[in-house]
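Below, subunit A partners subunit B and then partners subunit C, in two separate complexes.
Then we have the complex of A and B:
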């Protein structure tokens, strides 16, 4: 029940900062797609081909349209806020609540993901009206995509949590998160779809967590996933989420022993 | 002028001693930027698996452009970025008062006070990447062209700082500046790619009004293709116009500043 209240409160807070929300979103969208449009137009023109690695020019533009939307649903763009509460002592009040700190935080994350999911749906519908629905798009791909987004959200939550637990001992984890975020952007398929990487790199990346955060949900939504590949992708995402969850639990227990509760 | 140089010397000394207080953060920031450099190089390597030319340049030439971009970014991070990051806060919280009453230019104080020592180390690495990329070229340009290139790279960094400041000045009339930073960093993506991949009105805007494509691409074109006076004149004209406009706009902003915190 308390976790539900946090979900509702976070949803209300997010919707009340509408202008900032949309300016930030549109700025990212326009610049990301703008640069990708001209970059890939130059590449397709230089090669003189219709399709590269299974992507037409239109298909790759749709991929880049989905990148910031999917990143936002999974929160691969921002920290979850654990470190801030460790630094300013705000964590103390959560320790008194009769519900797990991580459950409360996950509920807050879910609220944010709900807003971003609505944004994703609205933009996809607008895209469908303007250009027609993508060829691989189907009820099955939507279901696969939703499951992949859920996995991405959970994985990103525990990845961020494990990383931010370092705040119990270090004075600033912000740069560490930026480092991880940049790695996710390249190795997760945010800068360039993973299909364009060399074969050896794709084989290695299939077992790492980064692709689960961006490339995997997008390929699911675009209907580029067979059932076996989809289940394998989910298994990899949840396995990494479990590993980061276990690391978080260990760091949390140790960190609380050194937590003074007065803030830095 | 001498007074400002002495003052800047004090800024640097103070920033260095402050950086050494937070060593873990200092080295993480260095490592973070090095990872960014690695990611940019990896990106271009993946792109050049798909094509042999981008914006009129082959892989080796594109790496020279990238090296130049990293140096421009490194100079901006070292001298301006920290200061510009906190500038909207100073305006919103009324802290600007402390700078306005000092007997030096408020713009000088606010944009150069914090010297990022960690970024200076990254700048050295960026210069190393540039030298590595240049040495891969089959033929090197003459010393005059090299000197002009270095001057244009420094000027590109100044333009980078001016454009960031320009996009922050509306904070004098707005209450929130989070989106202003976001817009600058989002649109900085245009600077990371060669200017000639952009066409039509987008390109015209990116080399004049919001000259993101001028900062690293034009110096690289001078270095790789020889100094065309058209390019140098265009670059100088845009830089001068930007400097004058930012100075005028800053004055307008200061007149609108109410000093009340929000």
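Then we have the complex of A and C:
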């Protein structure tokens, strides 16, 4: 119930920023697609083929359209704010509340994800009207996609939390986060779909957390995922989320012993 | 309700020389220094008490409040608040305390206060009826009902502080820490906040610790004062005793009778002719500071020398006494 109340309040707060919602929406649409269009157009023309690694040119465009939307739903490209609250003392008020800090923050993240999910749905619907829905798109793929987005959100939340706990000891975690963000973009399918990686790399990446953040939810939404593969993908995502969650718990307990609550 | 024994807190902070050279050097070898923010503090606060925690910046006041409210772990010593160890942060403990920070917003900046209060009701699990009754009483006392629907960031500082107070007291805490609750407020808002704190004390009988640099807060709210200097308590006792025992001077104010002075005006209280240090002289009022032991003789001198209509003898301002005490080395009491 407390988490629900935090979810609702964060949602209220976020939708009050209407300009951010619409500008972010349009910015995503224009910037991401522009670069990918010219690059992949040249590749498909040079190869003279209809389809590459299971993606038609239209399919690859849709993939790149979905990358920033999925990243935003899962928060794969931004920190969750733990480190900021450790640095500026904002954490102190949460330590006074008789409720888990991480439950509050997770509910806040979920609210933000809901706003971005609305953007994703709107863009997908617009795409469907303009170009038609991709062949694999179905109610099942929507359900698979939603579950995968939930897994991505949870994994990213604990990954970010574990990383940002370093703020208890280090003066700046931003550079560390940039490193992780670049790794997520490269190995998670943000720059190139993982289908274009060599077989041995795909086999290795299937057991790492990065693909769960971008490539996995997109392939689910595009209907490119069998049930077995989907369940395995979810299991990998939640296993990593559990591992990062455990690391977060250890770092949290130790970190609080050195927390100074500066800023008050 | 609050009991601390030998509470100490040490911070390790890194030191860097100013300028580019210092920054480059810090890249390879970092210099650390140890800061002793609390040095074996003993403190007891009972129900219904408002204790004024006073000291210069960096004396350890906020560190003590943070340790007692469970925000930080101490380096040594013990503390019990409502029978709990604060830094274990048990929910039962956290449901019974509140910390109000004048310099830090606790309510959600983008939400109207009313929504923030609903959230706090869930956090503290306050039953709906009790929440409604508490909110009504608090909102009426601070006369701020018409602002409940406005985003916090759009409120004035005084209005925001009132909302912060309501937010902190909605769950009827038994221990309240007030860290600079009137900072930056105008006189009317300061007065409203002080009256409200006194009213809350009368109704709920909580233990309260107040830190403030405004001496009027201390004078109006606290019967007991704890003075801190460099992480140590240098005085813990009644406010009245602090002034009577440690004030070295008294202030005499003589109001002169208009029209009864000689044609060339009243004799000017030049140095040597006045009974003490002249604080104010405007032709009709003379204010002098004298040693406590000389107060009677000085009053007599004023009555004989000037056409005095009214004479008052007052204790030295508490702020001056505290300033003088904090300047001295060694424990005072």
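Quick notes
Just so we're on the same page, the second predicted complex is superposed on the first by the 256 of 264 C-alpha atoms of A that agree within 3 Å, B and C clash if a C-alpha of one lies under 4 Å from a C-alpha of the other, contacts with A are read in each partner's own complex, and residues count from 1 in each chain.
Everything that follows uses one rule, which is that contacts are C-beta pairs under 8 Å (C-beta built on N, C-alpha and C of every residue); 3 or more make two chains touch, one makes a residue touch a chain.
This one's a predicted model, so the numbers in the text were calculated from it and none came from an experiment.
Touch criterion met: A:172 reaches subunit B, while subunit C stays clear of it. Contacts of A:27 after superposition on the shared chain: subunit B is touched, whereas subunit C is not.
By the touch criterion defined above, A:249 lies against neither subunit B nor subunit C after alignment on the C-alpha atoms of chain A. When the shared chain is aligned, subunit B comes close enough to touch A:42, but subunit C does not. Contacts of A:140 after superposition: neither subunit B nor subunit C is touched.
Looking at the shared chain after the overlay, A:260 reaches subunit C, while subunit B stays out of its contact range. For subunit A, the partner with contacts to more residues, out of subunit B and subunit C, is B.
Judged by the touch definition given at the top, the superposed model places A:185 against subunit B, while subunit C stays out of reach. Annotation: subunit A has no residue touching subunit B in one complex and subunit C in the other.
Residue ranges on subunit C touching subunit A, taken from their complex, read 11, 62, 66, 69-73, 89, 91-92, 94-95, 97-99, 101, 103-104, 106, 108, 110-111, 115-116, 118-119, 122-125, 151, 179.
Looking at the complex, you find that subunit A touches subunit B at residues 19-20, 23-24, 27-28, 30-32, 34-35, 38-39, 41-43, 46-47, 52, 170-172, 175-176, 178-179, 182-183, 185-186, 191-192, 196-198. Listing the residues of subunit A that touch subunit C in their complex gives 1-2, 5-6, 9, 12-13, 16-17, 89, 92-93, 95-99, 256-257, 259-261, 263-264. Residue ranges on subunit B touching subunit A, taken from their complex, read 22, 24-25, 28-29, 31-32, 35-36, 39, 42-43, 46-47, 49-55, 176, 178-179, 182-183, 186-187, 189-190, 192-193, 197-199, 202.
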